[in-house]
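In the two complexes below, chain A is the common chain; its partner is chain B in one and chain C in the other.
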Partner chain A sequence: MKISKEKFGQSIDALSSDYRLIAPVSEAGGVNYKAVKNFSDVKQDYLNSKLPPKSFFFPQHEKLLSYVKNGKDVTVKNELQAEKTILFGVRPCDSKGLLLLDKVFKNDQYQDPYYYERRKNTVVIGMACKTIAPTCFCSSMGLSPASSEGADIFLIDLGDSYELEIITEKGKALLGDLGLSELSAQEQALVDAVKSAQTTSQVDVSTITEKLDKMFDNPYWENLQEKCLGCNTCSFSCPTCHCFDISEEVRQNSGSRVRTWDACMAPLFTLHGSGHNPRSTQKARWRQRMMHKFNYFVHNNGDIACVGCGRCIRSCPVNMDMRQVIDGVNKAELVVE
Partner chain B sequence: MEQNPYLPITMRLAKNLVETEDRNINTFTLEFLNKQDEENFKYMPGQFAELSAFGYGEAPFGIATSPTEPGILKFSVAKVGCVSNALHLMEEGTMVGVRGPMGNYYPVEEFKGKNLVIIGGGFAFTTLRALAVYMLDPAHRGDYGDITVIYGARNPGLLLYKEELAAWENNPNINLVTTIDRPAEGWTKHVGFIPSITEQVAPSSVNTYAVVCGPPAMIKFTLPVLEKLNFPPERIYTSLEMRMKCGLGICGRCNIGTEYVCKDGPVFSMAQLKDLPSEY
Partner chain C sequence: MSSVVEEIRETARQLLADGKVDVVIGYEKGTLPLKATPCFVRTAQNVDKLIWDETCENNLAAFSYKIPGKKAIITKGCDSRALVVLLQENQLVKDDLYIIGVSCQGVVDKRKIENELGEIIEATITDGKISVKGMSGSGEFTFAEVKDATCQTCRYPNPVIEDIHLGGTVEVPEEAVLFADVLEMEAKSDSEREAYFGEQMDKCIRCYSCRNACPLCYCQECFVDCNTPRWLTGGVNRAENLFFQAGRVLHLAGRCVDCGTCSRACPQGVDIRALNRKMSRDVLEMYQHESGISEDVKPALNVYSGDDPEAFLVKE
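Right, the complex of A and B next:
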């Protein structure tokens, strides 16, 4: 079923008093998700955003609480904020990334209220990819350029209209009755083509978790990281990386406790107060990155924590390529003890 | 909405006591402000909490009190960084933030009907003290066999909880062995490192569990001794330290393999640790 872009835009704009609209826009350096006033401001043709939309649930910097000190007393205030949001134009890799983050921010004991309140208040409108980058490898990660996993509503761009699929009750509740019309034969052919597309770049992750079970002490890690600068850009641009720091921003008698993105590629990340550091080398940190995504996460959450978006490959200043690292793991010789 | 695990309760710093003669470790006694906060803070020996000095930050510390000591929590903290320094300098009466209790605890249910040897070195004695006090409580003492505590420090002035140790010396319910690294004037107890003293005085491993906590070098040399005494890895427990932020298994830094020390630990058996990467 389809809807004209004009009519779809009107429906979205009609919700603007209740929801903020976050959508891809062009800015210096590329496309990113930003708050937009009108649907007409949304960029329709984009490959993918430079940064994944995880920041609307897990911001790069956010206040957890604020406090005011008065002599020996202190008053603490919760700073949780979760606006009702429509997140438009999320690519399949990134909507799957949100499902993986869901598993991180809720574990067997705790649920992170900052993340989950925003998740609850946000409707995710997914968008199939019609252009596939040479660094995309989602087809190897159980996805495809048209998979709707993690979206509440899923769209395929047909030029003047969208092929629209309601995925969840939340998506259905947002838009109500839209008056959809049938696809023409030509449009159906286009939809079929998008749905059958695969990324050209592929890696094999079919046995990587089991392989990594036996690779903690493997010499493969020795040289792998030699050119890594430890700059963290791979983590910051990753839709599934979730590590953070908590620190304080202090004024004289008041302040706030803030959470900021952090990453396992930085030496300070694991440094003890005593000076001991369990991951003191870049070798240990790269091993952690690979183990976490392709082994520990699978054991804990049943899924590989990589969606094949290729951002780490595009953003790396020294051209480290996750696909080659995966390939290297596949080819590494196991050391027999 | 679920309870927000990032929001601390406030507790009053009732006492800020210099614990060791080098003035590097203070013991903070914190008082609950109301019954409700105390009700919600149900904990067991071995668990930890995130303490905050508002204006400085937050850091995790093992709880040195036992749940059998109502109304308060104690923490013995070395002066190491920004938060611990601020806590050391804090005036009594000041409000401190507390999140917790966090992590798992010593398996006191599994210990029932067994003898226990508690081996501690330096200021890692805090949650071990909590464990001993819990087991010595009249409500629990009957559940356990012999309790032996082997506790060492570099010199007598660096031992924590000196008054309590003196009381344990005369308590028939507990067998206390204290040691210092080198002879010191007026010291009449053992002299020597924990591993060799353990070898001399440890009880039989039959029907006995060992709980070991201390600096890495002490643990490294004590484990082979326990092995020699036929303690199987399933009956040796330890508590690990890691840099932590959230304490909830989310911020990603305290993992050893698949396990987060904050949420799946800090208490692990040697049998568990043998299956994990040696990255701690």
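Right, the complex of A and C next:
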């Protein structure tokens, strides 16, 4: 079923008093998700955003609470903000990324109130990819350029209109009755083409988890990371990386407790107060990155924590390529004890 | 294959065979078009991986003190200047170093191409022309059109120190005005500059790729990572980002060799170099010092003279 872009935009704009709209916009240096006033401000033809939309649920630097001391009295303020939000135009890799973050921040054992409230108050409108970058490899990660996993509503761009699919109750509740019309034969063919598309770049992760079970001590890690600069670029641009650090920002009589993104590639990540660093080499850090994404996360949460968006590949200053690293794991010889 | 590449491979092969070095630090073809990647060659059979062309954009001096053992480094002009500073600052032992000098025509700024054609799918370089197939179309560029901004003002394309020189040398064009870009920035009004740098700082995500790519940012503990005292927060906003970037530039005063690797490493396209260039010009104007040109010239911050300009304190 389809809806004209004009009509769809009107429906979204009609919700603007209740929801803020976060959508891809063009800015200096690329496309990113930003709050926009009107649907007409949304960039329609984009490959993907430079940075994933995870920061709207899990901001890079977030005040959890603040406090003011007055003598012995302390007033504590909860800083949680979770506006009702429509997150528009999320690519399949990134909406799957949100499902993976859910496993960390809102699971049976633990619900992170900050993440959870924002997630609860957000409707995700997914958008199929009509163009596929050479660094995209989502097809190898159980997805495709048109998979709707993680979206509440899913769209395929047909030019002047969208093919629209309501995925969840949340999505249904947002838009109500839209008065959708049937696709023409030509449009159906376009939808079929988008749905059958695959990424040209592929990796094999079919046995990587089991392989990594046996690879903690393996010479493969020795020289793998030699060129890695140990910056945070890959982690910060990853839709599934979720490590953070909690610290106090203290002034004389007031302060706040903040949560900031952290990254396993940096030495400071595991540095103890004593000065001891249990992960003291870049070798150990790269092993951790691979183990966490392709082994520990699978054992703990049943899924690989990589969605094949390719951002880490595109943004790495020294061309560390996740596809090559995966391939290297596949080819590594196991050490027989 | 160019003859320089053949010479590089042959030299590397010989150095390894003679046991003169344990490792040759150079470049190999990357997985992305127009992107070479650093590589570490330890055996003769890997020597043929080595390449040298306009895509070798990293400053390999950044690896010189991280990789243990005796090493040969493929060194272009700016890399050699960084090695001079590192030697002066006792970060390297000269006997452990074998500098394979190559002259550099400049490197490609992929962003210029991607701004026009989208993400690059395929690219070939032949006779100074770069043919590109991008996500949003195909095109052909001359090398001059897409040369990195740093390389356009480079005055040291030839290594300033080397143990061997391979290939020819590059003629240094006479620049009519040095630091024309800085002068242009200085001519702007305060509000224009504030707007420009504000926009640049808004893009920064504090991933520290600039710092980590920089051959001269080798502090064991960077001031941004220090928490006793905490100099700045992890807050990603204009003020904190500028504090980081400006702080880094000040720490590079009289040291920065203007290789531009910080700007090239930045995933967000922040014009980091604009700050460094201003600092370099001030150091040159006030202290007649250009970093990394000769091991025999003491770095500006290590020389005190009663005549040092103090215009920032008192009228002179």
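Here, the second predicted complex is superposed on the first by the 332 of 337 C-alpha atoms of A that agree within 3 Å, B and C clash if a C-alpha of one lies under 4 Å from a C-alpha of the other, contacts with A are read in each partner's own complex, and residues count from 1 in each chain.
Just so it is clear, a contact is a pair of C-beta atoms (placed from the backbone, for glycine too) under 8 Å apart; a residue touches a chain by one contact, two chains touch by 3 or more.
These numbers were taken from a predicted model, which means no experiment stands behind them.
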item	value
Fit or clash - chain C, chain B, common chain A	fit
Chain B versus chain C as contact partner of A:H61, first or second or both or neither	second
Broader residue contact with chain A after superposition on the shared chain, chain B or chain C	B
Partner chain(s) touched by A:D245 [first = chain B, second = chain C, both, neither]	both
Partner chain(s) touched by A:V74 [first = chain B, second = chain C, both, neither]	first
Following superposition on chain A: angle at chain A, chain B versus chain C, Cα, nearest 10°	90
Touching partner for A:T131 - first (chain B), second (chain C), both, neither	second
First (chain B), second (chain C), both or neither touched by A:K84	neither
First, second, both or neither for A:N232, with chain B first and chain C second	second
Which superposed partner A:H299 touches (first chain B, second chain C, both, neither)	first
First, second, both or neither for A:D112, with chain B first and chain C second	first
Gap in Å between nearest CA atoms once chain C and chain B share a frame through chain A	7
Residues of chain A that lie at the interface with chain B and also at the interface with chain C	245, 247
Residues of chain A that touch chain C when the two form their complex	28-30, 47, 50-51, 60-61, 131, 133-135, 223, 226-227, 229-233, 236-237, 245, 247, 249, 258, 260-261, 263, 266, 268, 313-315, 317-319, 321, 323-324
Chain A-touching residues of chain B, taken from the complex the two chains share	1-2, 4-8, 10, 52, 54-59, 78, 80-81, 84, 91, 93-95, 97, 216, 241-243, 245-246, 248-258, 263, 277, 279-280
Footprint of chain A on chain C - complex, ascending	30-32, 35-40, 58, 62-63, 67, 118-121, 135, 199, 203, 205-209, 211-213, 225, 227, 233-237, 264-269
Contact footprint of chain B on chain A as seen in their complex	64-65, 67, 69, 72-74, 76, 78, 80, 104-105, 107-114, 116-117, 216, 242-248, 250, 255, 257, 262, 264, 269-274, 276, 278-279, 284, 288, 291-292, 295-296, 299-300
